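What follows is a group of structures, each given as structure tokens.
Each of the next two complexes has chain A plus one other chain: chain B in the first, chain C in the second.
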Partner chain A sequence: MQLSVIKKKALGFAEKQGLVIAFLLLVIFFSIASDVFLTYGNIILVLRQVSILGIIACGMTFVIIGGNFDLSVGSLTSLTTVVVISLHDKIGPIPAMIVALLVGMLSGTLAGYLIGYLKLNSMIITLGLLGVIQAVTLIYTGGKYSRLTDPDETWFGFIGRGFVLGIPFPVIILAVVIIIFAVILMKTVFGRQLLAVGGNQVASKFSGIKETRIIMLTFIASGLVTGIGGIVLGSRIMAAQNYIGEGYEFQVITGVILGGTSLTGGEGNIFKSFLGILIVGMLMNGFILLGFPYYTQWVAQWVILVVVVWIDIASKRGKVLA
Partner chain B sequence: MNEEQIILEVKNISKTFPGVKALSNVNLKVRKGEVLAVVGENGAGKSTLMKTLSGVFYPDHGSGGIILDGKTVSFSNPLEAKKAGLILIFQELSLVSELSVAENIYLGNLPRTKRGLIDWRRLNEMAGKIMADLELDIDPRELVGNLSISRQQMVEIARALSMGAKVVIFDEPTSSLTEAEKEILFMNIRKLKEKKVSVIYITHKMDEVFQITDRVEVLRDGQNTGSLVTAEVQLEDITKLMIGRILDDYFHKNQAVKGKEVLKVENLSKAGLFENISFSIRKGEVVGLYGLVGAGRSEVAETIFGARQPDSGRVWINGKEVSIRSTEQAVKIGIGFVPEDRKEQGLVLKMSCKENISLAKLPWIKNRGFLDTAVEMEMYEEYKDKLSISTPGAYQKVVNLSGGNQQKIVIAKWLSMTPDLLILDEPTRGIDVGSKAEIHKLIAKAAESGYAVLVISSEMPEIIGVSDRIIAMRSGRVTGVFTDAEVTETTLLKAIAHV
Partner chain C sequence: MKKILRFFKKKPIWAILLLLVVIITILAPEFIRRRNLLNILLQSSVNGVMAVGMTYLMINGFFDLSVGTVMGFSAALAVGLQPLGIFPAVIIALLAGAGIGAVNGFLVARAKINAFVVTLGSFIGVRGLIYIYTKEDALIGERMVFSDFGSSSVLGIPTLFIIMLVIAVIAEFVLRKTPHGRNTYAVGGNYEAAENAGIRVNRTVMVNFILCSLAAAVGGVLLASRMNAATPGLGWPDQNLMIIATVVLGGTSLNGGYGSIVHTMGGVLTIGVIQNALNLLNVQSYYNMLLMGIILILVVFADSRFKQARNALRVTDS
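This part shows the complex of A and B:
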């Protein structure tokens, strides 16, 4: 009797704090397995790597809470990076950044209109869009590699490479985006309406909530933060390859789902999404430190995703039976 | 009672959920070929008992047992219970709509040819025989999805028979049936009786208890409170056992002075759904919209609320002509809508009581751009008291509340908006007698506090009980308007029935 109570409490704790526990276990594991892992240099490296994914994950969390997926973020990262780099020398850094953000939002508006208002399946729409945006990128560049003519002459590099008080600037951008999105989700009418729409679209409509607009806005938000991600990425490498964002969608979605955002919508937490992204980033980093080829991460990511989705389903089945 | 006749006996069953004792030492005896009603308010434990019987739940460890046909049984899943002859027909039917009637009946047990393929000829023959046996004119090859709900129910009964059912449990079987379809269901239940199959009939509806059952078992708070022979008791005897008190004011007539016209609808039409609907509602008036399921009542209400767009027609609110394009606009204009399907349309089940109550009012409870959770909490406290919603707390998810309390949450959501027009679509469907009376009172109170109220209901006593005026609909048209003084059950039935 006593033991079963303890067991129950332990299980409840594990369920609530499982992500933090998993994170800590990974940190312990990698720091034992590799001497470099816990060094300042490597921590900064991981943080800079995950900052772009983390920024995009904020928008993705909104999209998934709304009950949808946005698979177009990978190629949209490529496109916005190419846009900001290629326009930088022509119209100046600030206008180039604005154009990149507008391109992101335009893509989000298109996806959001088709999915929110016309109620088309988000997987199919954004999977198709992934290809379309990649095509647009290649048409725009003619397949050429874009770069800045004189990288040392511009402050633009600060966004991706700079430091403030020893903290990489992308991490600061990430923190700001996380806080803004978390406040929107938890403290505003829009956030509450989004949770309601994700929880039950029909009931939300019958409560006078414009569910179509809410869904569209989640995709616009996703496009916007992907634009920010593209700018940071462009600034970090001061150049743009046509396929640079390939596979980002999978890493971002893995992180968000790992963060406990419900696959059926209606539940999610921005901070936990970030923790999920951090785990994904740490795994990538740790694998490389341990000398595994980079492509083994893909297998590891998939395995994690299977486990997380299985836990998600199992906990729901448990609830149904209880 | 002759012990040999007992087909199913439940002895001292208890079932505990975290924090709740859902059943405590419940006993039940079912005789061969009888129809036993199990009645009780929501939360009394009826559904839990049936799910425990049919293997969905385990009873508490060491808490008595189930004896089926003389043998002690213990099922670990519904399939085992089915194989033993104990079949539960759920509120939500469990047929596969893309398969044929015959396939559904023999699903999991399809006859095969020697090569291992499905033997369609034999399958349809076997299914046809069962249909003939039950005197049903359903083609075994018809897709289940093409059948009406009541005919699907018949298929469920046929399936139960094909599995060699000894006891069939019906859980609220008439909740989506029309009067005529109900008669067909009762006919089939009588046929089950003739075949010496026992029936357990779970219901909220007292008239059905008297129409079809032989005995009544009453549950309250997870305990037996009485075992009665239907023919020997009155309605009051049963309700008294169910709720522990007598309901003297089941219907509460609204005493409001009628004011100016709040809603006026003229020639509202939507192809295939309704045609030339015209009526009006005044301030303080309760208007009932009565008709069979499928008569177009809900569709008219949803159109007024902006959830559907009409082909033609005009709508005035408070004397001003409006064209409502969205539910958002309807809410702004001052219309509230309690939809027919509480769980699908009324509530976000994952959200808490507090969050569901404030759902429609969110844009108006802002403080410097942010959601004002203090105001939200005040709203919850106010309506919890006003509507006597029984819930453990503001953060309790609504999925855990009883049907009656869930419905009160939906009503609270709209009362908090103080709408000029409140529409309630089947406001008491699937909720217990006690909560029903409370909701009828709430409707009257809403009218007295100056709302115009439109109530849609399939229950005749309810619509007559609460309305000042009744509009009858049939096949998408208005077929009669009756004032409270002139309406009788007969005239109303004539107006809605297919002739």
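This part shows the complex of A and C:
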């Protein structure tokens, strides 16, 4: 075989399975480097850690497929966590959770209206919302730390801390959310329309798709899953600090991008987003197991993000540099 | 008079700034005192320098999400390397910033990776570098000369503000009068047309990424000189967003091809004045954040509504 053919084939393979390869390489590397990495306890730990990011990533994948970003998910996580914790003792766990979900959807509706209907730049709008939501959180709590008065008296902690058949409950929630979002994306009219809108907004508009509504729904979905994430987070910690979700947006977006969701919209896969999030979580876990300070993972995240996206782009155009 | 009116019409942010100053002076007369005004200038100088770099990049049609952590990194280097002497420390801090900009620029211009991904990566990665370098500790400078410089004034005006002003003037000159400036507008206005016209697009993009990070590094050095200290959390998480917001508020287009340093300076001072006024009026800092967010959303809204009007203006004016 000629060298160029081999190169082309290798690039084609890397394009399709690049993320899986990167994932496996990381798993192999960490399991050789650390005895603990592949133990049941550690795997469960990683899964529990990534469950909240993974839940939020499902909504983010929809948003990015639609050709937008949602930078507000971090502060929305803070707000919904604070809401569920502070209302738990006043109105009971279930109403508190419902309110948290409504808050998430309300925020998503606002973002969706501004971005879907008014066609405003999603990055700047959700950046503005990031500030607004964080401010609302602080005004609501007066800057105070919220906690449950009696964490042992409620079943609420089960959501974040419980186990079913040896599997952490947050992981089960994550699996359910992933499956629902994957089915919506791949098997429903909405999913196909979303992929069409993200791929080509003008064309899809002319083919009669209500793209404004689709975009709005992606943001509502993002707000809803962020509310779920906030509930799980609150239940795990049984308390909430005002900045608890700070920076989540970047971790989630990193994971989704690693998962190969195209930033120009129109392409994306929920399972791969989860794989991307899992890589982010594994880096976090692996580096600590290897005895590196936790912050070295951020540099690794940088390198991996660039390398994975670069390989993806290079394999699509068949050249390393454009 | 006509000229002034036209200035305000083309750069409405300065009219807004003027209006704000009048309103705030009525609400809180101490606002207009010389000391307070100088304080605003001082407070605005770090953001101002960083916004200058971001303006170049945004006229060029890109964003840089990493300026906040680049600022923090350069501040840490400028303080931590003081044992080598202040001058070498500052030079290394600036070079580090330019280096990160070069990496960003290379990845965007040559590897053609989406700028959002590239700068999101460096935003997170450089934060890692800060923590690795500082080992999570706050750094405190030993050389008082450095902080004396940061708090000094020339003819009653804070030195840091003068530095920012000089940088802004040079930057505006380069933008208007040099090939690089013209290329920046051309590439931001229409990438393909610029490429077809023989402009070395990649080089222009690369240079602007370097300038943006370099400006962030200068901001970091200025910030460090004000406090003679650096904490690992500097610039995280929303400094970069703040800078982008400032530039957008000034009126530089989100899509590239339109904007100027004069616009941006209007945005910088407006933000400085608003924050100062909220302080004077004893508004809780939470409302400050709320207001910034709302302003940002309103600006983008206004920007999209006035875009057509502005495009018409651009045609008739040139």
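Note that in this section the second predicted complex is superposed on the first by the 298 of 322 C-alpha atoms of A that agree within 3 Å, B and C clash if a C-alpha of one lies under 4 Å from a C-alpha of the other, contacts with A are read in each partner's own complex, and residues count from 1 in each chain.
Rule of thumb we're sticking to: a contact is a pair of C-beta atoms (placed from the backbone, for glycine too) under 8 Å apart; a residue touches a chain by one contact, two chains touch by 3 or more.
Source: prediction; values computed, not measured.
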First (chain B), second (chain C), both or neither touched by A:132: second
If touched residues of chain A are counted for chain B and for chain C, the larger one: C
First, second, both or neither for A:254, with chain B first and chain C second: second
First, second, both or neither for A:295, with chain B first and chain C second: second
Which superposed partner A:193 touches (first chain B, second chain C, both, neither): first
Chain B versus chain C as contact partner of A:144, first or second or both or neither: neither
Residues of chain A that lie at the interface with chain B and also at the interface with chain C: 322
Touch list for chain B against partner chain A, complex: 17-18, 305, 307, 326-328, 330-332, 337, 339, 344-351, 355, 359-360, 362-363, 365-366, 369-371, 413
Of chain A, residues touching chain B in the complex: 187-189, 191-193, 195-196, 199-200, 202-210, 266-267, 322
Residues of chain C touching chain A in the complex: 63, 107, 110-114, 116-118, 120-129, 131-132, 135-136, 236-238, 241, 244-245, 248, 254, 284, 286-290, 292-297, 300-301, 304
Residues of chain A touching chain C in the complex: 69, 71, 74, 114, 118-121, 123-125, 127-136, 138-139, 143, 246-247, 250, 253-254, 257, 263-264, 293, 295-303, 305-306, 309-310, 313-314, 317, 320-322
